[in-house]
Amino acid sequence: MKPSLPPTDSIQKHYLKATNEQWFEYPIKVFPHHTDYGGVVWHGTYLTWLEESRVECLRSSGIEYADLVNLGYELPVIELSIRYHQPLRLGMDALLKTRMTEIDGVRIHWDTNIQSLDGQTVFITARVTLVAIDSKKGKIMRQLPPAVKDALVKLYH
Amino acid sequence: MKPSLPPTDSIQKHYLKATNEQWFEYPIKVFPHHTDYGGVVWHGTYLTWLEESRVECLRSSGIEYADLVNLGYELPVIELSIRYHQPLRLGMDALLKTRMTEIDGVRIHWDTNIQSLDGQTVFITARVTLVAIDSKKGKIMRQLPPAVKDALVKLYH
Amino acid sequence: MKPSLPPTDSIQKHYLKATNEQWFEYPIKVFPHHTDYGGVVWHGTYLTWLEESRVECLRSSGIEYADLVNLGYELPVIELSIRYHQPLRLGMDALLKTRMTEIDGVRIHWDTNIQSLDGQTVFITARVTLVAIDSKKGKIMRQLPPAVKDALVKLYH
Amino acid sequence: MKPSLPPTDSIQKHYLKATNEQWFEYPIKVFPHHTDYGGVVWHGTYLTWLEESRVECLRSSGIEYADLVNLGYELPVIELSIRYHQPLRLGMDALLKTRMTEIDGVRIHWDTNIQSLDGQTVFITARVTLVAIDSKKGKIMRQLPPAVKDALVKLYH
C-alpha cells in the first residue's frame, strides 16, 4: 500500500500571506485526563489540541499527515508560544480556531485560539511555526513538498 | 451555578447484569501525540480513549461526569486489564465499543474493544472497574448515588 | 554510530522462572502534570512509571533499550493489568519495585508495585507482559534476541 | 496534617532581577512514552520537564509546591514560549538548566534550556511566566505569598 498525494502543479511561490480571515474550527471537550490537581486543563494539554487541529486543517485541504510521513516528510514544530487567559475546566466544551497565517519558504506559521462556544471568553491564544524536513536525511528541506505547497495555496483562495 | 442531576426513584437494586449486547460506540483517530518511536500508538494512550468513551457513554444516559464531580462524587478506576492484539498506527481511524456489563454494589464493570472500521481487526480489548467514592470523605460509598443508579438502570432496558 | 550489544553465549534456554525475590527499585515523585482534577495521580500516569522502571531495570542488566530498537527489535506491551489500591497525591514520593518473574519463550512477565517509602502503604500492583518483535518484519520473534536472553538470565542469578 | 511553610520576614520588595547566572540543573532521560512516530521527543513532552524542573528548583529554595497548593495558592503558567533547536531521541540523557530571571509583582519569569551532557548541543530554549493565584477566590493575588517571596529572594543572593 503506497501512500499517495494529489498531483502537483509545481508552482514556484515561496512566500504566501493569508489574505482573508478564514479560520478552521475544531471542537474540543475536556475529559478527566486533560486536567490537573487544580480541576483545570493542565497547561501542556493544549498542545495536543493545537496539533490535532493542524492535522485536521491539513486534511480539510487534501493533505493526510500520515501520508506525508510515509512519503518521508515531516512538519515538526520549531517554535511555539502560548498565552493562557482563562482556564478550561473539567466537562467544558469549547471551540478551537486555527489558520495558517503565512508560508515563508519551508516555514508555516499558524495562529490559534480557543474560545467558549458563545465567543465571549478566550481561553488561550497561540502561535506555532512548523518547518518541513526530509525524514531520511534528517534535514530541513529547501522547499515545501510540491503537493503540500499546492494544497496550502488552495487554502488561501 | 449549582450542579444538578436528574431526580431519583430511589430504587434498591444493588446488582445489575447487562442482559443485552448494546454497545456504545466512540470513534477515535490517531494523531502524532498518541504515537511513540515505533510509529504506533503508545500503549498508555489507549487509557485516554477508554476514559473518554466511558464519560461519553454516561453522558448518553443523562449523567454529566463533571456534574457528579461538582456534587462530591467520583468514579475512579480501581482495576484495569488490557490486551494489545494489533497496533493502531499514525493517521488511522478506528471504532471503540464499550458497555457496562455489571453493577455490583458500588462497582461498575465495563468491557471495551477497539476495532477497525470494517470490524475485521481488533486492536485492543479491555476490562475496567470503577468504584463510587465520596470525594470529601475520601471513602468508597455504600451505594451508588441514586441519580447514577437510575441512569445506569436505564442503560439496561 | 552503530548500536552494539554485549556478545552472546547463544544459550538455548526458553523458559526461565525467577528463583529469588530480587526487586529492582525505582523512585518516583508526583509532579503536577501527573495529577488530575481529583488532586491524585491520573490512573494512566502509572503506565509511564511502569515503563520507565522496566527500561531502567533492563539497563541495570546491561541492555540499553534504545540500542535494542536501533538493532531492529522492540519489546512492546501485549498485556497489562493493574489494581489501584490507594491514590498517590501531588508532591508525594514513593518507591516502585519491579522484577521479571518469568520468561516464557519470547514473552517476558513483570510484577510491579508502588509503595510508600516506609513500605506501609501499597498504591498499585501491576502485571505486564512484553513480547519481542522484529520491527522490520513487524512480527513476533521465534526467540529472544540472544543478547537480551543472556542479560536476562544474569538477572536470575 | 496541616501544611506549613517557613516563616516570613514580610519584606516589601516587589521587583527582583536576577543578578547572577546561577542555574538550577535537572537531569532528564528520554523514555519510550516521551517519543512520537519520528523517534524523537514529542514537542509537548518538554513541558513536563520544564514543570518538573521548576518544582524541584522551588524545593531547593525551601518551597514544596504541594504545600503551597494545600495552603490555597497556585502558580499556574500564564505564558510560555519554546524554540526547538535539535530533537532529543529515545534513550538520550540530557541536562536541563533553569533559573528565575525576574519577579515582577506576582509574576515569576523563568529561562530554561536543555543541553547535551557535554554542553555542545542545545535542544530547546524556553521562557515561562507564572503568576500567583488564590485558589479559593480563583483570582490573581496582589502580591506573592510572603513565604514564597522570601524563599525566592534567597535564590538571588
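The first chain written gets the first letter, and so on, giving A, B, C and D; residue counts start at 1 in each chain.
Quick note on the criterion: a contact is a pair of C-beta atoms (placed from the backbone, for glycine too) under 8 Å apart; a residue touches a chain by one contact, two chains touch by 3 or more.
This is a predicted model, so every value here is computed, not measured.
Seen from the C-alpha centroid of chain D, the farthest chain centroid is that of B. Set side by side, A-C and A-D show the greater C-beta contact count at A-D.
Between chain A and chain C the centroid-to-centroid distance comes to 35 Å (mean Cα coordinates, whole Å). Centroid to centroid, with C-alpha atoms defining each point, chain A and chain D lie 27 Å apart.
Shared interface positions of chain D, defined as residues touching 2 or more other chains, are 32-33, 37-38, 44, 47-48, 51, 69, 90.
Those residues of chain C lying in contact with chain A across their complex are 32-33, 35-39, 42, 44, 90. Residue ranges of chain B in contact with chain C, taken from their complex: 37-38, 40, 43-44, 47-48, 51, 69, 74, 76-84, 87, 135. Contacts from chain C toward chain D in the complex involve residues 31-33, 47-48, 51-52, 55, 64-67, 69, 89-92.
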